[in-house]
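Scroll down for the structure; my scribbles are underneath it.
Chains: A, B and C, in written order; residue numbering restarts at 1 for each.
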Amino acid sequence: MKKLLIQLDSDDQASVFDQVVAYDAGVDHVISLSGVRREDVTPLVHGAMFTRGGDKLKNTAIFIGGSDVTRGEELLAETMHTFFGPVRVSVMHDSNGCNTTAAAMVKKIAGAVEVRGEKVAVLGGSGPVGARAAVLLAGEGAEVLLFSRQMERAEATCLRIAQVFDEVARPCAAPAGRELAAALSGVQVVVAAGKAGVQLLAREDWSRLAALAVMADVNAVPPAGIEGVEMMDDGKERDGKTCFGPIAIGNLKMRIHRRCIRELFSRNDLVLGVKEIYRLAGDVGAD
Amino acid sequence: MKKLLIQLDSDDQASVFDQVVAYDAGVDHVISLSGVRREDVTPLVHGAMFTRGGDKLKNTAIFIGGSDVTRGEELLAETMHTFFGPVRVSVMHDSNGCNTTAAAMVKKIAGAVEVRGEKVAVLGGSGPVGARAAVLLAGEGAEVLLFSRQMERAEATCLRIAQVFDEVARPCAAPAGRELAAALSGVQVVVAAGKAGVQLLAREDWSRLAALAVMADVNAVPPAGIEGVEMMDDGKERDGKTCFGPIAIGNLKMRIHRRCIRELFSRNDLVLGVKEIYRLAGDVGAD
Amino acid sequence: MKKLLIQLDSDDQASVFDQVVAYDAGVDHVISLSGVRREDVTPLVHGAMFTRGGDKLKNTAIFIGGSDVTRGEELLAETMHTFFGPVRVSVMHDSNGCNTTAAAMVKKIAGAVEVRGEKVAVLGGSGPVGARAAVLLAGEGAEVLLFSRQMERAEATCLRIAQVFDEVARPCAAPAGRELAAALSGVQVVVAAGKAGVQLLAREDWSRLAALAVMADVNAVPPAGIEGVEMMDDGKERDGKTCFGPIAIGNLKMRIHRRCIRELFSRNDLVLGVKEIYRLAGDVGAD
């Protein structure tokens, strides 16, 4: 029986990226829907629920994507609401790649250093990747400082992290320039997850942070989010800090993404959000 | 050569259900078009007509669907109008599953009782499934009473059945409650094809109908269209009446649907409407 | 690894024709996007660029189509602008079939007569197929007269041909009836590429043109663009002229189209516009 992945994408043009990855992960056909709104979800999900019975249900799965993470979360909630009892299919949510990217970044960090009980800082923490990185780092036992330029956004994000993901992050206003270095004093890890092409931390600032051991940056559009971290850095030492750049993180993200798609078809009741995706990242091979 | 099914769907989001069924029926690729309007049809159908010559044309087929049966009929008419001579592909029309559902329901009934010359009542007869069930029951030789709450709708539907399908059904206004039981006196079969979640006939009414032998209900959303008929009923006796519920009918509908999709690719000039679909329902296996 | 063709189509409903041809050319999956606007291109093309690394990139390609050639050219320009360095995939542009049709027509002509140094006339030369036929005929060394009813359109087209394709065509206003025959005096080849169902040249006019050796007409909707040229003509002699009609040209167009799609997957940096498509038309088999 063919493995069918139903792509519910909130953008006007469904992601080509997600479709290519799905095929590379062994999906037989992607059934792609663009511009999906909350009110479209029920009949589409019924089409997944009511076409294949019993044990065959695991050959159908749903992928929720699109560039808008909030809309993706609404589609996920509506999808879960449509299921009943055992009549359901597995679902993965990865709008804008936020979950797989955060999982890849934190995996790289956790492979380089033991974060339990240590202070870690997430710059650009109110964005989709930043917030999810904070969730995963907190889940690893780190003391997470979530930075945003606006304190209100940092606070709102930390509240949401507590309510939705049951993890603790401390909101911090990101001061400009030199003062940021002071705010980062004592952190072991710095993560940059801000907007593409915006530098968040200068080299002269991070190079003086004595406790700092690991830096990770997902910004692939120059200039780098952390000055001096290069695209291809994959554990490269720079001024005594272990660095991870966007391509190294992106490569792992791709493998995690494929791993998760394959997992979807192992049973009919999986819900792959950020934590489940991170868990699966643990057994990603080099495929 | 790959079997390609072109899905012309009148809804903004093309049916996932119809795509999954197509793949399960052995289609190699569904070429799915959403939000198809009458004026879109010609170039799309040309794409089916002019790409594969002669005997290879049978590897392309068209499926017309969507939740709006009237719009589907318009797309079908426009499709037929676009063909010329032998330059055509096979077509199936099943907006909202109306034809396959009606075929399944009538197949269940005809398997349980001989309707020729008998009175049968279709409740919710002006809806898409009801009207088509009436066509098929009339085709089996039954005397069909088509009930609708509004007499004008019943009359319009019966007129259309005569003009389009060349069958006879008698329009009846469906009275409320107890009076309906009187109107159903002498019928051998009652079919419920009304709106989801609306009860059309109470148990205390049908249980007293002496001539009544078979009841079929396609409403899958509680309460049942015919009180007392259960979802899973598949020939179950209740107060001496043989009952068919929506899941038993739906399971047969799925097999008929797949059977018809396979048939589309046997030649290039089939037009599968309700009668042809019913005919094919006769040799559905247990796949 | 599966061969994926990303269809960027400027129409509200992506071409079925182009999808069927793609499958018949061996593509594993078409990822179809309808109603693509210039501003949609970058993220879609990124999805092609960033999902498969290095040598595997050649398994993804882009097809730009739709009925509006100008919009297709914009999508092509935007696609090329999105690539950088070796991070690119092969692209084919064939909005409305203009490039493959022009290539097929000129291939037929060049197979029947040596045009180098000869005068050839393109009627309906400001349309998409006509302009491209002019480009290819000029490339074969012919002296091209490009006719349009409005001299300004002929001039604008010839200017564009010079700027974009680096070829020379002479703009000519197409006079009505008998005067057109005079304007065609001395031409060896006449090509009709006007609107469907519009006759551009009467038999009594062309039959008296002594130098005229070959005529080709792509209009498949009666009346023919060149009176007397039949649909199926494939080198048929009529009044001493060798004739090619729309079906013969169309059959070759299909083979060229499939040939080009296959070529796309041979490497990751092809850009198939009209000249490259014509070059590939040289080794089309009879598949």
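In this text, a residue touches a chain if its C-beta (ideal position, glycine included) is under 8 Å from a C-beta of that chain, and two chains touch if they have at least 3 such contacts.
This structure is a prediction, so every number in the text was calculated from the model and none was measured.
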Angle (degrees, nearest 5) of the CA superposition of chain A onto chain B: 120
Copy pair chain B, chain C: interface residue numbering same or different (half cut): different
Computed distance of Cα centres, chain C from chain B, in Å: 45
Residues within chain C bordering two or more other chains: 29
In the complex with chain A, residue positions of chain B that touch it: 12-21, 23-24, 29-30, 32, 34, 67, 250, 254
Parts of chain B lying in touch with chain C, wherever the complex brings them together: 1-2, 4, 6, 28-29, 31-33, 35-36, 40, 43-48, 50-52, 60
